[in-house]
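There are structures below to look over.
Each of the two complexes below includes chain A, the first together with chain B, the second together with chain C.
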Partner chain A sequence: MMGFYFSRLVEIYPFFLKGLWMTSKIAFISLVTCTLIGVILGIFRSGNNIILKRIVGVYVAFVRGTPFVVQIFIVFFILPDWGIQLDAFSAALLAMAIMGSGFICEIVAGGIDSISKGQWEAAASSGLTLTQQLRLVIMPQAMKVILPPLVGQYVLLIKDTSVISVIGVMELTRVGWVTVVRIPEGLMVFSLVGVLYFSISYPLILLSNYLERKMAVQ
Partner chain B sequence: MIEFKNVNKWFGKLHVLNNINLKIPKGEVLVICGPSGSGKSTLIRCINRLEKIQNGEIIVNNTPVHDKLTNLTKLRAEIGFVFQQFHLYPHMTVLQNVMLAPVNVKKIAKAEAKKIAMEKLEQVGLTEKHGVHPAQLSGGQQQRVAIARGLAMSPEIMLFDEPTSALDPEMIGEVLDVMVNLVSEGMTMCVVTHEMGFARKVANRVLFMDEGAIVETGTPNEFFDNPKTDRAATFISMILTH
Partner chain C sequence: MLVDFNFRIIFEYLPLFLTGLRSTFFISLVSISLALVTGVIACACRISGIKILKYPAIAFIEIIRSTPLLVQIYFLYFGLPTLGLRVPEIQTGIIALMLNSGAYIAEIIRAGITSVDQGQLEAGTASGLNYIQRMRFIILPQALGVTVPPLLGQSIVLVKDSALLSLISVMELTRCGQTMTSERFMPAEAFFTVAFFYMCIYFCLKALADWSQRKLIFREAY
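The block that comes next holds the complex of A and B.
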């Protein structure tokens, strides 16, 4: 019986590869957008502009305080009521960008805040503009604090893409659901799904561990 | 060159600068002393706007420092600042520390900036350390690099905020020597310090502050030998016996 299902699974594996491709695509685009937005928000969050700081604070509190599934539903089902129509793929990317940037914002802000005020003052005193202070003096130092948890966050974000299956995007988890209807070998199907996720996230876990050791040494 | 006109500043309810009026002519070496919390650090931090003031006016080279329209970058490029805790950039080498502002603020070409930086490092006696990171230097060496970093912008004014207070006693001398050399080059200097020896040797004027106000000014010998106020006399006896 098992052998029969296994041969069905071999038959169906292109379908899994498509799912893996979709997951990788969403993950990659999301990591890039989340990082860009998250760094900018993190700079605002640790900055001196009280209004921006508060606004970003509220945003982060919302992102961290609500389940990702709910955020996806809001983007996919509620935005259309306000006249913003998105297909499932775009909605997935938008929801990921909102959620991921919130978490990355906190990591970046924490890294910037860990640099002593004296570094800002020394850079400012020598005539560097605010942007130069950040780019040349603060960020290179903050990156050492930011990088290990950032890569750790990437792993979480990749795994969170599975939640996107609830709005019907044919990514890896969704492929598992659809397959298990036709091949009722849940353990086998979802083991395969799990292994495929693991194959993406494990290298990043190793990278995160490596960075943590390397930054600790410095 | 530097002028304070009725300057007031509060940290919350604390009146840290109480109606400060002060003129520092070009080439003067002014030593500022006073008990901790007297506002002396705040006073010099206002000169390059590391601190804001609530009212009054500070004018540096005809530029109103606390005017919103003032080009802060340009103003700060003309004023070197040396901190008690050095604040060198730990991720850069000594040479990169000194070159950073000339390259990025003054847009001097790298080769030229390197030449200037090496000259300044020579001035503080640290050319051979140009390739190491600040963490590999002693406190005294770090502070000398910080001075070189300030000098690399060819400032007209150097401000020193307790430059030797964070140093072990045996390193204080090397930093003060560098500062004494600067005096002989005619640099305008404001130095917050309790180093009486330095003050007597090179200061044109000593300014004594307490509770945010200027209590007394005078030549170093006048001030240390015959203080006019009881408050200053008490303070001097304290730093002498410590």
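The block that comes next holds the complex of A and C.
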């Protein structure tokens, strides 16, 4: 029986690759958007504008304080109520962007805060504008603090894309879930799904470990 | 929009939410306790020099850390029955959470232990302290400051992760929101209430984590 199911599984293997492609697509798009939004929010969060700081703080508390499933349900079920129609794929991307940017914002803000105030003052007294101060003086130094946890966060975000399966996007976990109904070998099917996730996230984990060691020495 | 947010329906469903909250508490508490045990064992195997223990522990930690929790839950949920084990959903969920958090906790504890310098132990021995005194005055104050805040962070993650158990129909907080949505179709009321309860747990644990960070962190005495 095992052998029979195994050959069935080999037959529908392309289905899994499609799921893997979908997962990679969602992961890639959302990592890029999360990083962009997260960096901007992080700069606000560590900045001097109290109102912006508070607003971003509330946003971050919401994102970090509630499970991602609940956030997906809020985006997917409640936005249509408010007149914003989204298909599952864009709802998934939106939910990922909201969640990921909140976490990345904290990492970026932590990195910027770790730079001493003297650096800002020195940059300002050299006649640099605020953007120049950030771009040329603060960010290059903050990068050392930001990069290792950022890559670690990327791994978490890639793994969180599996939760998107609950709203029916055909990504890797969903493919496993659909397959297990036809091929009732849970261990085999989800081992395959796990191996495919492993192949994406393990290289990133290694990169994160490497960056941590490299940045710690300096 | 939020103008017609219906508070009455929330009050009507409050008992359901409270049972869900209690269930989430129960699942989280049991899982974090079991995860601590798993983590300590996995960490002990990981740092032991015995190859037969070390490599399985490394494999366990790395596999858990590089696959999503949802896949692990489904793996157990669909996989255990094919092995002939009939386990209730809630126990499957707790096992999944235990293994998942256990791997992370193993890494946290390892970081705590390796953060204490070997020379500190030697200095303690040289000062004539016995084992208990060395633990009490030298190792623990330093290791706890590095270990306890991330452990509390992990417990925040675990509480949030327990929401995924709703997908294998364990009756916890998120599942209550889903139940209410399917009965009354009021997703805004249902899921904002659920989010509110999770935020309450989050703020309590966060306050505890911040407090422990302030209290336990080791300040070098110069």
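Here, the second predicted complex is superposed on the first by the 218 of 218 C-alpha atoms of A that agree within 3 Å, B and C clash if a C-alpha of one lies under 4 Å from a C-alpha of the other, contacts with A are read in each partner's own complex, and residues count from 1 in each chain.
Note that a contact is a pair of C-beta atoms (placed from the backbone, for glycine too) under 8 Å apart; a residue touches a chain by one contact, two chains touch by 3 or more.
Keep in mind that this is a model prediction, so the values were computed, not measured.
Upon superposition of the two complexes on chain A, no clash is found between chain B and chain C, which fit side by side.
Applying the stated contact rule after C-alpha superposition, one finds that A:202 touches chain C and leaves chain B untouched. Taking Cα centres throughout, chain A sits at the apex of an angle toward chain B and chain C that amounts to 100 degrees, reported as a multiple of 10. The partner of chain A that touches more of its residues, comparing chain B with chain C, is C.
Annotation: superposed on chain A, chain B and chain C show a minimal Cα-Cα gap of 19 Å. In the superposition on chain A, the residues of chain A contacted by chain B and by chain C do not overlap at all.
Against chain B, the residues of chain A that register as touching in their complex are 116, 118-119, 121-129, 132, 136-137, 140-141.
Partner chain C is touched in their complex by these residues of chain A: 61-62, 64-71, 73-74, 77-78, 81-82, 155, 159-163, 165-166, 173, 176-177, 180, 184-187, 189-191, 193-194, 197-198, 201-202, 205. By the touch rule above, chain B contacts chain A in their complex via residues 48, 50, 73-74, 76-77, 79-81, 83, 85, 87-91, 100-101, 104-106, 146, 149-150, 153.
Residue ranges of chain C in contact with chain A, taken from their complex: 1, 62-63, 65-72, 74-75, 77-83, 156, 160-164, 166-167, 174, 177-178, 181, 187-188, 191-192, 194-195, 198-199, 202-203, 206.
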